[in-house]
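Once you've had a glance at the structure underneath, I'll fire off some questions.
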């Protein structure tokens, strides 16, 4: 079910075991060849297909498109939420529906920079409302193996305006990709230093990071389908009342 | 121009006299016959047509769909931002682009409950950044005379899931209107008391307020076109550097 | 009843149906001829006369004199609350008395810039405490018709250090008006642009706005009496348990 | 000079070496015999007389009457600011005038519970604005020796609705004192425990604390005059540019 | 008992009448001869000895070492909490254990600058949780008479990197004192001005204040033992259920 | 160098290329056999040995022991910071030293729950201060391969009161381990659901998680030494001015 399309009486009539699915994205620079809404578009598209497959188990909210993108602000057109604002927006969305007695919430995230604020927000809500079921994950984390197998470049996970994202956009919205401007970016490394937080202008010449030139619509379809399948499995398990319980 | 569709280099190339247009809406109950996204849909649609007419003078951001809707929370499916969250989201959107040296911002609002927080937010930003040009207004405030002339019911302004909003939705998205469920709502008055803030469950039986049954697609078109025209005029005046200067 | 004059036992003895009346004003520039406390003085004076007429139905708090006046800060002597501070002050005042089981609160506002924060504050409190009766309004909004009929200038509503405010001050505190310095202010308009928030230095030469030179004590008395009458009617209706219920 | 009485041009014309004096009080229970505004009334009265004596050296703001009075909330009619709200109100008052280039601020406090938030507020402002001269003190701290000599009861400092406060009110506002209801309060001690913060209902039967029955107008006059003299001396020293410089 | 050393089951097994003792200190400049941790070291040491004497009546938390030290920031190596951060840290510490049903909390403070935020924090918590027993005090306030009798310089109370603190450090951690660099500091006074808040660079040449050269280990021992004794007495009284009840 | 041990003049004399190292830990339940301070103890011990090896390149602050531990609050003795408080404490620590012109900061974290707030805090500071070098990482992340090779249980990474933590504590503080109470914990899994945030009482019987019974001091030494080596390498690289620059 799609919240934005429903009347309040239709929402009222839903089972409260319905899982509220909240897509999160960003409006931020994606190099000279992908639009600023890339993360929002992909998270929204993945969630829309998921919704069609398990429509009776979910209610999807609109996509939170203002992400935590401070590291991309050096590039024009990037919008970034403050931490306070991001946490408040997500919390209000969940708390509003919790007042209507929904108790299961799953965030499908399209922007890596949202992972930390998503986690912090849910942990805060969980501490105050231990009976809620709360989850979050990047859409790409549901298909890490397929992504690693699909990508040809030496980087085997999703980066930013990279082989994976270009592939997904060529699959979903080929008309939005400036194909003639696709380029690889990210300078040669000289050190294994791993702990630093960086502004994106410190690690990329023109805003992208990875082997964007290797992207194809076929790879995009394979990744997309795998993500959808992973999320559908997760939703069916949560809907069935299954929770993570151990280590063996 | 549409920010979400652009790459950062395309944004970078824009004139900084471009007016950033930010639509604001809500996800809130609109009676048993209109979808929760009604305000968001109308504000987005109005802005989209405006953008086509003055494309070289504006850059439109995505619509802020999480409104200040606490008074509608008694009805399921309503989402409401905290004041803090709403102000932060709007401020971050503006401040992000101000870092990129845009200096003109205009909010086109689709939800009456956002007017106060829109005003407060802009006043705060203006106080700290007196050189910015900042404006906000309900889309319906640009065509109040046409609205008054168009409506047949005794209420001559826009209310909530009313003659005007039903008309606009029948014009824009007739398939989203549950036509068989349209009803008037709002009880008979017994007093001129005017100062009270009310929960929407205190003034409506099923969430709407006004003569919804009088709505038609024709009225919707007339109102819609007048709003677009009014906003286009406002944008052209602001773009030309005209500011309000006096009382005569 | 006047809270500041009472002992706690006298407050304790009051009926909890008593309406708590909270005047709000400002300390802000009012041109070269009215004192900074003008809004505070008028709101306090109106409320004081109201209190005498319906003493057994109300308990008046001291006037909140630190208003939301950021748009007047370019002129010396203006004090302005932050939004956070204003909301907190008003909320604390109401919540303190709500702890003592008072449940009806009415703000009588003397400064237009407080309307938005007054509204936001009450909406927040109402959302959390739906059983409270909460209202706010400018004192001048209770007599709009009389004001329009009384004013001779082409502006038929209250502005700032204008015909209406000068008239009220000449009626209430003639010794505080620098009569020889009264002047009209506000430049000739060149556009109908209506959406912009403005610093007061952008729309006035010396801080006032309107036909101040047309002010007289007689007009002030007529306006003042009408405001008092309007507020007394509102209080009596609220005290009788009447609430706004509909649209016909 | 009295800010509330001045026009902005008169403020503008002041020397920026003028000391801004901010009285702080409370609206809180003062036993069955003193009005809730007692602290506000005394702080305001002391400051008013001081202003007359050193009018050319000071500009007095209105009294901040919403104090930090949470410990008195168990008694009806007490209003209490949140810490956030109190700090914001005081900070905004100072920062507004600092924008107009005033650089000396002195708080004259009438409510002991405000001392900690006054201190914290000024320390925060000082840290960010090291060139400002910022001071705060209870009015009674300027005359501790005279107070100790004047009081006949075994408590030699000011408490709450006590010998000293009753005396001051009998001197300043005898008509506001319910003389027939004056009583001593505060139970017999059984321990030297000194570190605890207490609700006022834990240490007083009816809200007062001390030997109120010993209060007289004569004692009030002696204390009042000594406080005024102490504050005038402080102001003259600050105005002369004297600052605390050492330990000998 | 020492919380950091215990397992959760050992904490769970404690009587809930156990007093939670929270030492608070600072990391701030203490002149050229004492380490930045001086306040933290002394508060921790005092509390540790107290714990040994009344082990079955207390549970000691780690020392809050980030104090409110903005006035010392002009000197390198000083760390200072924001007021918000300090209040939150202390509140979270108390609220966490209140969730486990502990209800008695006593702060032993080693840094004068923490007194105001300690007070404000406890007052806020007390207002919301009137059944909690909450106390705070400087360790030195439990032995003011002994301190006054012990000090030879003309200042009879504790200051900063002064005779008393040097003595305590020579007693507790002589190896941490740069004995050859000890010096008196604080300029000659020229005025009785008492109300001002000051940056420490305004009242000290090199960061200390007082007759540091008079410090000895013997004085330190006498003061230390007296503080321990005073705190032990306080704890035993609170543990016995004694509370402050009056004025005679 | 160790900040707590230094005088301000010694800090002042340091090269500003010195890396400020901030250990972060927690006070939270670690099952029935490890003390609540486990994370704090390990992070502090690792950092202390690192400091000895690269003393001239670092200045270590005290360990932030109040972690983000809300998920452990169901077990007694757990303390948890609010997100606001945690972020403020860390931000104040960094900003205080940034005022003294230090520009390199590295957090060595001992508690997994701090990773998200550490990341968010540094990203916020970086956005406002792009010239600062800011890093954070769990101590265990510097030796993931050695940890995986060392652990015998089927879990190859660090968990909570697990094989790795027991080993480290047996190596560092064997006297603090309740050896007779060591037990494995964490129930048998029935699902691959991975997205949920959980209270620790939902996934553990008595608070630990992993094969604690497999812990040995020898494993602890191997892990400890590898962590120290990894951190030393990171510090030397950062100190040499090396930053992460690319993807090949």
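A, B, C, D, E and F label the chains in the order they appear, each numbered from 1.
As a working rule, a residue touches a chain if its C-beta (ideal position, glycine included) is under 8 Å from a C-beta of that chain, and two chains touch if they have at least 3 such contacts.
What you see is a predicted model, and the numbers here were worked out from it, not measured in a lab.
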| item | value |
| --- | --- |
| Set of chains whose contacts include both subunit C and subunit B | none |
| Chain labels contacting subunit D and also subunit F | E |
| Chain of greatest Cα-centre distance to subunit A | D |
| Contact-pair overlap exceeding half with B-C, pair selected from A-F, C-D or E-F | A-F |
| Same or different residue numbers at the subunit E/subunit F copy interface, by half rule | same |
| CA centroid of subunit D to CA centroid of subunit E, Å | 28 |
| Separation of subunit A from subunit D, taking each centre as the mean of its C-alpha atoms, in whole Å | 56 |
| Whole-Å gap separating subunit A and subunit C, where each centre is the average of the chain's CA atoms | 48 |
| Residues of subunit C touching at least two other chains | 73, 80 |
| Ring path (origin subunit A; first step to subunit F) | A, F, E, D, C, B |
| Touch list for subunit D against partner subunit E, complex | 68, 70-71, 73-74, 80, 83, 87, 106, 113, 116-117, 119-120, 122-124, 126-127, 130, 133-137, 141, 154-155, 159, 186-199, 202-203, 209-210, 233-234, 237-238, 242-248 |
| Of subunit D, residues touching subunit C in the complex | 3-12, 27, 29-37, 40, 61-62, 64-66, 73, 75-82, 84-85, 88-89, 91-93, 96-97, 99-100, 176, 178, 181, 206-207 |
